[in-house]
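When the chains are written out, they are named A, B, C and D in that same order, and each has its own residue count from 1.
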Amino acid sequence: MSHFVNLSLNGISSGMIYASVALGLVLVWRATRIINFAQGSMAMFSTYMAVTLLDRNLGYWEAFAVALAVGLALGAVVERTLIRPLQGKPELNPVIVTFGLFILLEGVAGAIFGVRSRGVPAAFSQSGLTIGHHRVSFSHFDLFVLGSVLALMVLMLVLFRATDVGLRMRASAFAPEMSRLVGVRVGRVLTLGWALASLAGSLAGLLVAPRSAFSPNYMDLILVYAFTAAVVGGLESPVGALVGGLLTGLVLSFVGGYLGSSLEPLGAAVILILVLSARPEGLFSRPAARQV
Amino acid sequence: MLEVDGLTVSYGPVRALRGVSFAARPSTITAVLGANGAGKTTLLRAMTGLVRPQEGSVRFDDHELTGLPVEEVVRLGVAHVPEGRGVIDQLTVEENLRLGALWRKDKSDRKRALAETYDLFPPLAERRRRLGAALSGGERQMLAIGRALVSRPRVLLLDEPSLGLAPLVTAQLMALLAELTLLASLTVILVEQNARSALSVATWAVVINLGQVVVSDTAAAVGTDTGLRHHYLGF
Amino acid sequence: MRMRSSRSRRAGAMTAVVSAVAMLGAACGSSSSASTRGVTSSTITIGATVPLTGPAAPGYSEIAPAVNAVFKWVNAHGGVYGRKIHYIYLDDAYNPSTTVTKVRQLVLQDKILAEVGGLGTPPQTAVQGYLNTQKVPQLFVESGCTCWSDAKYPYSFGWQPNYTVEGKILGQYIKQHFAGEKVGYLFQADDFGEGFVKGLDQEIPASQVVSRQSYDAATLAGPLSNQIAALKSAGAQVVAMATIPAATALALLPAASIGYFPQYVVSSVGADPPTVGPLLSSFSKGKAGSVLLNGMISNAYLPPEADTGNPWIQVTQKLLKQYDVGAPLDGNTEFGVALGYTFVQALQTAGKHLTTSSLMDAIEKHGADFITPGLVPLTYSTTDHYGYSGSEVVKTENGATAPVSPVYVTSNTGPITLYTGTPSQPPSNLASTA
Amino acid sequence: MAAARLPSRLRLPDQPMLRHLVLCAGALVLFYVLTVNLSSYHNYQVGLIALFAMVIAGLSVLTGINGQISLGHGAFMAVGAYTFALVQEHVTLPLALELLAAVAASAVLGLVVGIPATRLRGPYLAGMTLILALGLPQLADKYNSVFGGDEGLHPSQLVAPGAVDPNRWFAWITVLVAVIVVALLANLVRSHFGRAMRAVRDNEVAAMLAGIHVGRTKVLAFVVSAGCAGLAGAFLALSGGVVTTGDFPLSLSIYLVAAMVLGGAGSLVGPWWGAIAIVYLPQWSTSISSDFGLGSAVAANLALVIFGLVLIIVMMLAPTGVQGGVRWLARRLLAARFPRPPAAAGVTAVAGFPEPPAPATPDMRTEQERTHP
């Protein structure tokens, strides 16, 4: 039983991380109908910025803020310079550009920072909490992960649902040409979408780093699982990213815990196929998305 | 004053417009008429910048519109209600309407304009929380026009507003347009296949065939030219 | 220099040869070995594939430059019999298909004399057949697979102790010092982990083993919390681990997090404090850091890096400082320097007329007498291509390891015996010129 | 496909089958001349290019012609390679039958994946195939007694007759098979089935109304494409004489898609460009960066930088891939030599290369249903 509880807790904490990367994927998808394969390596890059500053004795939260800002800016720059010019080109091209960026950023990070792996400090203690007389594998830091990803989700939902900017973003996502026809500067909205997505990614990068052997590759597998999570949840929906992330995290944890770690990705694949067989556009797909 | 001068548009090797010119006087309705495929829709799209003309220009007061991005044209007060599918299905009625005025700085006037639109189209007020996808054809048309009006445009480009509407509703719509030109000093460019009802409210009419202007004259003159009516307008 | 080892005579002779490096350098103009692939009168071309990018690059990418540091030192002092060593190491990203292609490039384009220090079991087994049919020696493979000593593949040579030997020596230590305690295993689900476990199982009574957990290196994305939770709930008091450094850290972190502090016994592969320590700095804002490593038991076949009084460590530090600028002294670079030096010894022993067979002969017939930093001698013979076949058991305190056992030698299935010889000293020319 | 747009002045036979035969014969002669002039190692690389061309060509048909994406072709290659090795280990068969077994096994997996795939839109299909690319090879790790674990399986390599260099022999066999595969695909693309695939890609509803069985078409496309990947996997096993899980990392699947788009999606000449990129680009970029005297670790990372940059730059400058660019260049050169009235040229270059005229959308229809990668 306690094994089950531990597996669940581990699944939740890694699931929240998949959710935050998945949220970035969803934001980019909604903005530009692209799967951003560079999402993980962009996060890696901004996290390296934070780590470099930490090594120079900058305070933890200052470095944290810088990484988020770098993430925001990186997202905007990538959209403007690499994605925008490909508008109207064959639809796979921008996706391949994000592959290129993914390889490019890992190469740049490897050349600048080296490929040696290292630890990265965490915001809070990673000692497990004591509940009753049991020390569970869920720490203050895991609580912080949970809290900050949930906070990000809520902020995004508020932004989307309750603000003019959010209305513009949703309108541009669903009907870009129509949105321009009512005066929405869609270009800026897309840039903002990428920037926010990259911000979500940076947060994920900072949250993953202390739980990993930090090196230029440390986000690669996370990205794959986050993509699974986003697809399971439905690419249109931030809530779907959260649910998909948790589901993926739990499935990976249970499969790894009960069947062996070699089968983890296959377990994720099975869940994904099951979900998509029932709902081809993920759990939180919109019935309103009509086919012509 | 809205002036179109020598507008030429091609889709690949296909010429859709060849040197179209006309002028629309302020606070009037100008009907753009012609058969299916004559180039009417392309004309409106070229005017707002949805397609880039190869030649020619569109001027509005002192502004050169050609070459401006669509959203900037709109922000000069040119509203465009496209044919059929202008409503964003995934947004609610209210969100669709709010979106129309979002670019305007004056927030209190935005609210006022929203309220006025609900007054103008009571069915929309009843369905303000519904998704766009859930509306009937007539309601969609109302929503599309309402959304254009909340931005308090100075020019309104309407593409086939009567399509799919009952004759009675069409008549009400035309009357409303006539009223707006007077009350809100709105300039309307009305693209219609239903030439008869368009001519009933228009002061000026432009007839297009195969991408070229055939006639540009007063609505009354066009409406009474039987040859023209038989040839191009089908009534 | 006095050598008390049973091999002192040969070792003495070797020292003389080593001293000859610099002097013989320029003297040997012409050579008759032009017919040997990769060898000219002035150069020796060798190569290797190693992961320089990709998931296996952290740590492992440091080895080849350290190997090359030795060659640079040799070249700066005239080469071996006047021949400068040209070491071409290519990135295979630990992908065996890439290894297959790059090794063909090395053999067919670069015409290497031998592959020296290719890394990893999967990549290197992928080219083992090819190199052997091409009669290109595959020397000192950086892997503890037992497959390098195989009569089918006479051109392949291992170097580091094989994983089963490591497992046996650590297993014996567990049997002796933690008798009756519950033992859990945590191992990488591959040749490394399974070989190590095979060694452990030879020594530790099966009744003592309460849990066997594994992880997959290809999907190592976060803490090994599940495995640790399972070991804890099985009540394992001793956890024997065959883990790469990243996995060691990703196991220790969640264990500390749930307040689980078993006695860790870790293969030398994943126990190097300078490599693992920084990976643990994430624990509670870096304060704890390598404290988590305190008390960890491991094995070592090279002198501890922290033992700066050791002449080999001093030489290694100097070599790295001069010829591998910026590289830290850690398990990887020490490994690289020792391996590179082993190859230089082989070249010197092979003599002036360097051919593939003279090189092979040198290793098979005289390898056991090579002077290397190893705590045990290399065991090469015509039937044994393993390399080091023993180690001592060490304990980590405050980021440094110190021996807690004598040096043992053993083989895959044979008994474990005490090694009574003395470690060799670096030759004087190396100590003085490096 | 490739020949379709060239000016008729090249006077290729009009009958597609015949035209493909002539083109293939030409390609084979070209390759023969190439291989006898290249060194052993370069012959080996020619073989690698040919085997990658097989899988990329299958992918090009799947994505470019049928509109389905797969980020899991590495898994199909793995199935082909392991099947090939296992068959060879347990029974003695002629090479052709062993290869066919590999094709069959991966085609069966293609069927299994293709059936749920019929209902999925682009990114969902991408997600499903990507996780398969990660998960499937892991099975071989899990059941390492069957699949050989780290040391892998060791199928025997090709035995060259007489004095032929083994790498040259490998190149010949692989190129021959690859050219046959591409020729078969070219015929397929020109056939009824090819038209059905394109119709499904362009508009599923319209295709259905035209009497095309959409699901069957999509599944069959997947099967064909997976079969090509399996064959390539078998040749990969042949090339090195070893099969391990490490041969099929996730990055392989991604590189395959990148190479396919780089060459030109939907083209059957493009895959050869893509294959050249996969085989040569890492090597060129490593040698470029080491020419600057950089250490190997930095040089290796710079190779990644250069590879990434090439992908980005080609996509931005030549949206239809290298083959699209080559065609554009060829057309320009031909146009300069045989000037034609400008009207016939149809489209004018806007930026870089011209595209086929975008489907004119004078109504607002497209905006609601933006397409997806």
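Heads up, the rule we're going with is that a residue touches a chain if its C-beta (ideal position, glycine included) is under 8 Å from a C-beta of that chain, and two chains touch if they have at least 3 such contacts.
Note that the structure is a prediction, hence the values are computed from the model and not measured.
*Asks:* Farthest chain from subunit A, comparing Cα centres?
*Replies:* So the chain farthest away from subunit A turns out to be B.
*Asks:* Which two chains are joined by the greatest number of C-beta pairs in contact?
*Replies:* A-D
*Asks:* Taking the mean of the C-alpha atoms as each chain's centre, how many Å separate subunit B from subunit D?
*Replies:* Centre separation, subunit B to subunit D: 49 Å.
*Asks:* Round to the nearest whole Å and give the separation of the Cα centres of subunit A and subunit B.
*Replies:* The separation of the two C-alpha centroids amounts to 43 Å.
*Asks:* When the C-alpha atoms of subunit A and subunit C are each averaged to a single point, how far apart are the two points in Å?
*Replies:* Going by mean C-alpha positions, subunit A sits 39 Å from subunit C.
*Asks:* By residue number and range, which residues of subunit D touch two or more other chains?
*Replies:* 134, 138, 141-142, 297, 300-301, 303-304, 358, 364-365, 367-368, in rising order.
*Asks:* Please list all residues of subunit A that touch 2 or more other chains.
*Replies:* Correct list: 106-107, 110, 115, 174-175, 177-178, 220-221, 260, 262, 264-265, 290.
*Asks:* Would you give the residues of subunit C that are in contact with at least 2 other chains, written as numbers and ranges?
*Replies:* Residues 52-54, 61, 189, 216, 219 of subunit C each touch two or more of the other chains.
*Asks:* How about subunit C: which of its residues touch subunit A in the complex?
*Replies:* Checking each residue of subunit C against subunit A gives 52-55, 57-59, 61-62, 189, 214-216, 219-223, 225-230, 233, 245-246, 249-250, 253-254, 256-259, 278-286, 289.
*Asks:* In the complex, go through subunit A and note every residue touching subunit B.
*Replies:* 164, 167-168, 170-171, 174-175, 177-187, 286, 288-290
*Asks:* Can you list the residues on subunit A that touch subunit D in the complex?
*Replies:* That would be residues 29, 33-35, 37, 82, 85-86, 88-97, 99-108, 110-111, 114-115, 174-178, 220-221, 224, 227-228, 230-231, 235, 260, 262-269, 272-273, 276-277, 280-282, 290-292 of subunit A.
*Asks:* In the complex formed with subunit A, which residues of subunit D make contact?
*Replies:* 63, 69, 116, 119-124, 126-128, 130-132, 134-136, 138-139, 141-142, 205, 250, 254, 257-258, 261-262, 265, 297-298, 300-312, 315-316, 319-320, 355, 358, 364-373
*Asks:* Which bits of subunit D are touching subunit C when the two form their complex?
*Replies:* Going through subunit D, the ones touching subunit C are 39-41, 44-45, 48, 134, 138, 141-142, 149-152, 154, 167, 236, 239-242, 244-247, 249, 251-252, 279, 283, 286, 295-297, 300-301, 303-304.
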